[in-house]
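Chain lettering (A, B, C and D) follows the sequence in which the chains are written, and residue indices restart at 1 in each chain.
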Amino acid sequence: MREQTVDPGLGEKYTGRTKRLINKDGTFNITKRGGHFSIHDTFQFLAGMKTWKLMLTLIVLYLLLNVVFALLYLWSGIENLHRTDPELSPFLNAFFFSVQTFTTVGYGVLAPQGHVTNLLATLESMLGWIGFAIMTGLIYRRFSQPRARILYSNTAIITPYGEGMSLQFRVANMRSNVLMEMKAKVLLMLHEPETFNRRYFELKLERSSVQFFPLNWTIVHPIEESSPLHQVTQEEFVQKEGEILILISGYDDTFGQQIHSRFSYRFHEIEWGVRFQMAYEVNEQGETILNLHRLHSTEPVIPAT
Amino acid sequence: MREQTVDPGLGEKYTGRTKRLINKDGTFNITKRGGHFSIHDTFQFLAGMKTWKLMLTLIVLYLLLNVVFALLYLWSGIENLHRTDPELSPFLNAFFFSVQTFTTVGYGVLAPQGHVTNLLATLESMLGWIGFAIMTGLIYRRFSQPRARILYSNTAIITPYGEGMSLQFRVANMRSNVLMEMKAKVLLMLHEPETFNRRYFELKLERSSVQFFPLNWTIVHPIEESSPLHQVTQEEFVQKEGEILILISGYDDTFGQQIHSRFSYRFHEIEWGVRFQMAYEVNEQGETILNLHRLHSTEPVIPAT
Amino acid sequence: MREQTVDPGLGEKYTGRTKRLINKDGTFNITKRGGHFSIHDTFQFLAGMKTWKLMLTLIVLYLLLNVVFALLYLWSGIENLHRTDPELSPFLNAFFFSVQTFTTVGYGVLAPQGHVTNLLATLESMLGWIGFAIMTGLIYRRFSQPRARILYSNTAIITPYGEGMSLQFRVANMRSNVLMEMKAKVLLMLHEPETFNRRYFELKLERSSVQFFPLNWTIVHPIEESSPLHQVTQEEFVQKEGEILILISGYDDTFGQQIHSRFSYRFHEIEWGVRFQMAYEVNEQGETILNLHRLHSTEPVIPAT
Amino acid sequence: MREQTVDPGLGEKYTGRTKRLINKDGTFNITKRGGHFSIHDTFQFLAGMKTWKLMLTLIVLYLLLNVVFALLYLWSGIENLHRTDPELSPFLNAFFFSVQTFTTVGYGVLAPQGHVTNLLATLESMLGWIGFAIMTGLIYRRFSQPRARILYSNTAIITPYGEGMSLQFRVANMRSNVLMEMKAKVLLMLHEPETFNRRYFELKLERSSVQFFPLNWTIVHPIEESSPLHQVTQEEFVQKEGEILILISGYDDTFGQQIHSRFSYRFHEIEWGVRFQMAYEVNEQGETILNLHRLHSTEPVIPAT
């Protein structure tokens, strides 16, 4: 084994048994302490939520705020609401008035009277004003960030290649965004249990970039003599808790931004002695059809001897 | 023919007669299966529509939503709407009340009464609140994306150049955006019907970049000895279903973003033995006038013998 | 004269006396014909206007739209407006009702009655809804685009430098944005009246980049033997209608975007035999003060003989 | 001392005792005169304020504007407000009407009458319309700008390294944003009191980049023979008012933008003869825990002799 490269920023020392370095969603198994709370992070956290969770959160916040104001209007005296609906309970009258104020519908059948109720309504319509601006920002941010989703084959494989062997995995673009000028960088991390050190090796790729990315892309590391994987057996690989760290970057032409995707295959996610099945076909109309489900399909091979 | 280059990501194997690889609008003739629905894609799809289609869609959605709520108000009892207009049908009363609620105009002549109608109005004003935020985001997204429109001459031409021949085509900026630092990359794709393989060749350009782009730009590939087009006849080119794949990128100084444009000329879109006419002229005031209509103008030449 | 470089995209042929190639505001003296109207361009045009012009335009459009709707309400019958103010003319009643509808204030004292008036109000509140979204987008776009304003000294100068002479001009950042990693590229364009050709030369700079840009930056082209300006007299320069074309780019750290600035000095904007006065000083508190007014200050020198 | 580099744009001449060049917040100690006021800068200034300051500013502006309009409504005659609340003072009636107009709640119990009051209400609802658009833009801008906060260790240290010594400092990402492809550039500035010149030297780093940045990063300048710090004593360094200028850049994968951070250590912020304590540890679950508070921790060392 040779050609060790420098630590990519994930640490070379470790003090005990570690989890995987890069999770399946591209995050790192590293926790930070001592940062401090920031509204900025809260905004970004909300904008990064799944759409239905964000919507649910917004609706819950909306209802909560109206309940709080309804209670405040009750406290300030329901008699200070003009023309309440006798059919409804005081709370509901206050709640509907709150909604009409917050959303600035303001039918005016229900209307505030007296000092306290008027002040509350003033406060609430201002909150509605600001809250609406924040929500518009959130929703826009939610949808205007490139959300490239690179799909990785479930396993990386060790498969014959030319005269020797190779490490391969496949990626495809899950979204309808146009991705271009894709680049891949692949590192191998091996633990050295004797010295509690992690060692990193960059794996040389047959092709480290493609110009267009409408199809799947098979990333191939030929296991030549200079490869850190040369003559490493499956047992050694498992014992050293090897992890393949992957960074894929490219340009999202739909959003006009650079995108990055991180992934890793740990020792138990590598299949020995299989090969990938073709994932696309050309139909009778001359169109090429890529089937994302088949990205993971492998079939056994008899290794070249 | 030599200097074959690697597959730009469009696939090297094909199983039958294929359509063109790159369509005139820059998309690929590749269909993806197995992706899953995402609200994110819907948003992006809407934001990418032509302006009038987007407006029409928004108006139709707006009307539909108000019709649905009008029916709901009718169902909850038209008598729960305060002060309806006797001149109008119950449906229209409900419809106009719905509009007044959704847009938060809320005149209040029409106003909700009772539990169900008040709840519906609460729901609708909240939908209006969120819907408005989404629409603001959509419209902003629609207009803030760089929409560089590179105009390509209708045909690429094979024309005399110096002592030999060349492949040429012309491009210009259709929009008023300022484009800069333009780069061009041109590939030739040839089918090999015997082996069902596609072969890709990069074409060397006389100039692969220009700094400014207020005029038209003629992109020239001199057909030298090392060119894959050297001594290829028109018949051979047609028979191999040749396609010229073009990628033009640059910086949109108006939007502050990188832009990319894809295009292709297929075998039947190449004119042999013509040359381009000049597309701009200097008028009496010393101003240069570029006429986009003349970008396509060619005239016959007697090839140098 | 040697080291001619390729056309930067501004054309090499000209048919008559030309204006300057690059205007003082960075635009080109080139007009395009044959493009077609696009709402997208209109949006960008509005967002690119000076703030007070944009505001005035919005206000005028706002008033116009309300006048049009006021006239429509009058046409549909002022008696269809509920509770009009007898103190006001029918037109003003209709106008104020229109404003209350468009802005969704909807007090409800004035309220629509009957089919036509209700339909008009529905239409107007929808327009208000969409119009507001467009305006929010416009205003945001207006303020979120980097508007780097590079200030150029009024004249470029020919001044002693080391043993020989040099062409110099000065630039500074007019705004409070933080600009970084500035790069400069300078071309010389000379007309050849005999052949109606323009020739372009890149001028070698003493320093073509600076890392930080809080002060002024003096850009220096030493007129060495290899310079196209070597032994060119002021008369020759004027006769060939020489123009110095400048492209300055950098990174706007406030807006997180790349910025570009174009400028040119024409033959009559070059001062011979002066030098720049220092534009900044350190005050007693140890602070450096840059005076933008002094960026243009030159003083005569006796040229080295 | 050798390997002097060019001025990074901060000036080489100084006329008196100077403050530090780069402040702790990354700004420069340089003041500009002669720029002119721009609404654009005001917008950017507001969007750059701390969140609570921005909110406070918006609320104060909101209240102020409503007080001004309340006074205008009083001046135009409180009798022109329909159905005022007898329980409230005329001013409060006018104030609450103003709020209901500006936020477009428009209950309509309070409603304008007569020419002047109607005109005022028209003006105010238009202001509310535009003001709201501006605020939405401000809030979005406030939260959509990358706000990378790189935390720097309180001091830079001179510490043993291999056979010799080194200058070191540590950085970490304070935020939850994902930062990648970090690059560091470190300059040394020394004053020469005799000639009133500043000299700049680039310091060669052991590693000038890391790929990932979830942990802390120790930036190391080995003080080899070619280093401008070679054999410089603490006394000399203080006397020449040395300053270490730092520029760290990287890619913010959360915001999809390039980020830049500037910092400096002045002569009195450098600790001699200490070393950094490890700032992260691996817990029993195999997770790595980075403690930002320990980024600054140093402990004394006996320098290698």
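Brief remarks follow.
The rule we apply is simple: a contact is a pair of C-beta atoms (placed from the backbone, for glycine too) under 8 Å apart; a residue touches a chain by one contact, two chains touch by 3 or more.
This one's a predicted model, so the numbers in the text were calculated from it and none came from an experiment.
Among the remaining chains, those touching chain B as well as chain C are A, D. By residue number, over half of the contacts seen at C-D repeat in one listed pair from B-C, B-D or A-C, namely B-C. Most remote from chain C, judged by the distance between CA-atom centroids, is A.
Relative orientation of chain A with respect to chain B corresponds to a rotation of 90°, obtained by superposing CA atoms and rounded to a multiple of 5. Shared residue numbers account for under half of those found at the interface formed by chain A and chain D, and the copies are therefore classed as meeting with different residues. Chain centres here are Cα averages; for chain A and chain D they lie 27 Å apart. Chain B and chain D have centres, each the mean of its CA atoms, that are 39 Å apart. Chain contacts: chain C has residues 100, 104-108, 132, 136, 140 touching two or more partner chains. In the complex of the two chains, the chain B residues touching chain C come out as 51-52, 55, 58-59, 62, 85, 87-88, 92, 95-96, 99-100, 103-109, 132, 135-136, 138-140, 143-144, 147, 172-178, 180, 182, 207, 210-215, 217, 251, 253-256, 278, 280-294.
By the touch criterion given at the top, residues 6-11, 13-19, 27-35, 38-41, 43-45, 47-48, 82, 100-101, 104-108, 110-115, 118, 121-122, 125-126, 128-130, 132-134, 136-137, 140-141, 145-146, 185, 247, 255, 257-260 of chain A touch chain D in their complex. Within the complex, the chain C residues that touch chain A are 104, 106-108, 136.
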